[in-house]
Amino acid sequence: MAALSRETIANGVLALLLLVVPLLAAASGETFYITLATRIVILALAALGLNIALGLGGLVSFGHAAFFGLGGYVAGILATHAFNGEALLFGLPATTSMPVIWLVAVLLCGLVALPIGAISLRTSGVYFIMITLAFAQMIYYFAVSWPDYGGEDGLSLYVRNTFPGVNTAQPLPYFLICLAVLAAAACLFWLLRGSRFGAALEAARQNTTRLSAVGIAPFRIKLVAFVISAMVTGLAGALFADLNRFVSPSMLSWQMSGELIVLIILGGKGRLFGPIAGAMVYVLFEYALGGITERWQFFLGLVLLGVVLFARGGLLGLVAGRARHG
Amino acid sequence: MTAALIIEQLLNGLQLGVMLFLIAAGLTLIFGVMGFINLAHGSLYMIGAFACAAIAAATGSFWIGLAASLVAAAAAGALMEVAIVRRLYERDHLDQVLATFALILILSEGTRWLFGSFPLYLDIPPLLQGAVPLPGGGQYQLYRLAIIGVGILVAIGLYLLISRTRLGMRIRAGETDREMIAALGVDIRTLYTVVFALGAALAGLAGAMVGALQSVQVGMGEPALILAFVVIVIGGIGSIKGALVGAILVGVVDTMGRFLLPKLVALALPASQATMVGAALASMLIYVVMALILAFRPRGLFAGQG
Amino acid sequence: MAEAILQLTDLRKNFGALKATDGVSLDLRAGEIHALIGPNGAGKSTLIHQISGSLTPDGGSIRFLGQDMAGLDMAVRARRGLGRSFQISSLAPEFTALRNVMLAVQARQGSSFRFFRSVGSDKSLTDPAMAMLARVGLENRASVPAAELSHGERRQLEVAIALALGPKAFLLDEPMAGLGPDGSKKLTGFLDALRHEAPILLVEHDMDAVFALADRISVLVYGRVIATGTVDEIRANPEVRRAYLGDTA
């Protein structure tokens, strides 16, 4: 085994920070920082999902907020029904159990991503960007104009949903749950990238014709990647709803889709820890600048512009150099 | 439901379509000539609206405000092109999306900084106040008719510009062959700046005109931008003709959907639910239309045509 | 006479008023190299695109191993055994040479929907891929990204990928293009032996290579095959001399 690459070291540092800082915060009673770290973890998870489509497959989905929001609404709607003792559609029982909610969120996002992906993937390039955006807007406007679950005002969860054996109302246990999910998703990403499927997907990004010419149909590879990607982002949405105990159409908005892309590019697209580095920087930036000025988004825009113009490859790219495929 | 009401709704749809055409025309032109996807195009529309509202309030004249909106949007567009966009033509679409997303943040917050968070209002100029009788009874706002008229004039003007003038010839050449046009000795950088400024001015014009119908505020640009995306995706990216057809289609389908769908749903559901279901369906309608069109024509209705 | 592996019958393709493919019939038989030559703009690339599936013909038929290929996309045709190289190198630029070939090996083995096992340690992928690289003489460049290979090496890699698919027929679009005299000579020797593995439809501008390799030559001019025959027949054909080679040839 060769010496550890700089990217591996950077990843190790990030992982350590993500675990140690909240533990320290818990020890010193600063629960606010645990919440901040939980926010980082969940946004990183959402972006990690998008990174499967965007980073590996080159599919610039500008509509992943649709899945983030859908996951959130699954958590919100199931919990609300359970709280009110109402059954769901077809008399199915509602639940406040996180594992069940996650499963429903993941399956629903997969089901919705299938037709959206199948139509969007008939196109490519700019068309793909705009069509995914338009589908997300469709779901956004539906949520805004459907009053049963709060419409424009959103939907509050009275208490955080439950996880067997864990007190989710406490910030630290909930953080650890989210961190475990992120770790599992990162493993999934790592396995996918190294697998035959990942090889085909990365080839599709680099050269679709090449993939066809060896006899692999790019459409199916991309569609499966899009669906998996949506499922992971949907799971993050369910966690996000529980973190804030609130869902609203803003989770479905085009700004959210843009933010997810920003997280990936900030960190470094296609990299295992890219979304995590991106989410850390983004949330901390928002927190630090937000404390100084209301106009923090103005400065975020400037930084972002600087990254696009001058730091291609994102922050991990700056630290670790160009990505290489072995 | 009277004939006059339907005509009124159709005209509303047409007016929305015309507004969308003004925004989409610039977007599609910029994409067609430079291959650039500009999310900040909606911000140019917003700049036009703010410039018009602010100058009209200061001078008391809508018309001076309108002129100011054209100048401000074109100048902002030219500046944007020279300072930033120019560096991104050779980059992939993802970088373009991201950089213009950053520009939206900067321009939106910057505008809020300058004008505060409260919306501005713009009055319809006295010349265009009042209403015109419609056939079959009823009346229609003169101002909205004027917007439709302006849209038709712009469409004709763009057609003449692109098919009859030297600038148009260069634009067409630039679409097909950048190297050839450079070899002809045309200063391609200036051409790009001019095209960008022209597109920006059209968006600014749309913003100024719509400012008298709704409040002028930060965030008004992006819903319009996304509708304009739907328009050019339906029409075929790069095609002005496609932008016109797509814009009218989206404007009319959206307006008529909001008008008719709740009534249709009411035939099947109780009235209380019908309004809600109808409204929810209507808000999704144009996206459904877009998906259907793309399922059969993935590159839009007029892909690859001028 | 050997059986036809690939059979084009009265193939037609128009671009507006231009007849790019105007009633082309030709076949490729087991064990042969069939060269397709013609001046620029004769419609050679258009023909190749129709055979490989990236263009749909307006009329006529393409049969491969006895089956009609109409309506099948490029990926399906590749899976049926049509191995193709490109006029302009078409590789996955960020992948190493080895991974480019591994992709073909993986495709030949069947499913790409395996999500967990790492390809890097999968000997059933790396060994055959390495063997293919060795056959074209690229084994020392296995870990170099395709984008960093020289032009000649990329052409070799294209051939290695086509080989790895274990095709029933090769469709080679100007494999000599841009190679120096040495490279051409090496590749000529290589292709000479390759015909016994699978027949080759060879589009090539390098006449020395064509005359050295081809069992048969078809001459395409303005979308039509004006002559098909052995090297000597084509050299002697007055119509070909007039239309293409010029009387001085």
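Note that the chains take the letters A, B and C in the order they are written out, and that residue 1 is the start of every chain.
In this text, a contact is a pair of C-beta atoms (placed from the backbone, for glycine too) under 8 Å apart; a residue touches a chain by one contact, two chains touch by 3 or more.
Because the structure is a prediction, the values reported are computed rather than measured.
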Chains in simultaneous contact with chain A and chain B: none
Most central chain, Cα average position: A
Farthest-lying chain, centroid of Cα atoms versus that of chain A: C
Gap in Å, rounded to a whole number, between the CA centres of chain B and chain A: 31
Inter-centroid spacing, chain C versus chain A (mean Cα positions, whole Å): 43
Inter-chain centre distance, chain B versus chain C - centres from mean C-alpha coordinates, in Å: 48
Touching residues (chain side chain B, partner chain A) in the complex: 31, 37, 84, 87-88, 93-95, 97-99, 101-106, 108-110, 112-113, 222, 226, 229-230, 232-233, 237, 276, 279-280, 282-284, 287-288, 290-291, 294-295, 298-300
Parts of chain A lying in touch with chain B, wherever the complex brings them together: 54, 60, 62, 119, 122-123, 125-127, 129-131, 133-135, 137-138, 141-142, 144-148, 254-255, 258, 261-262, 265, 269, 295, 297-298, 300-302, 304-305, 308-309, 312
Residues of chain A that touch chain C when the two form their complex: 191-192, 194-200, 202-203, 206-207, 209-218, 221, 224, 323-326
Residue ranges of chain C touching chain A (in the complex, touch as defined): 52-54, 73-76, 78-79, 84, 86, 90-96, 99-100, 102-104, 106-108, 111-120, 125, 143, 145, 161, 165
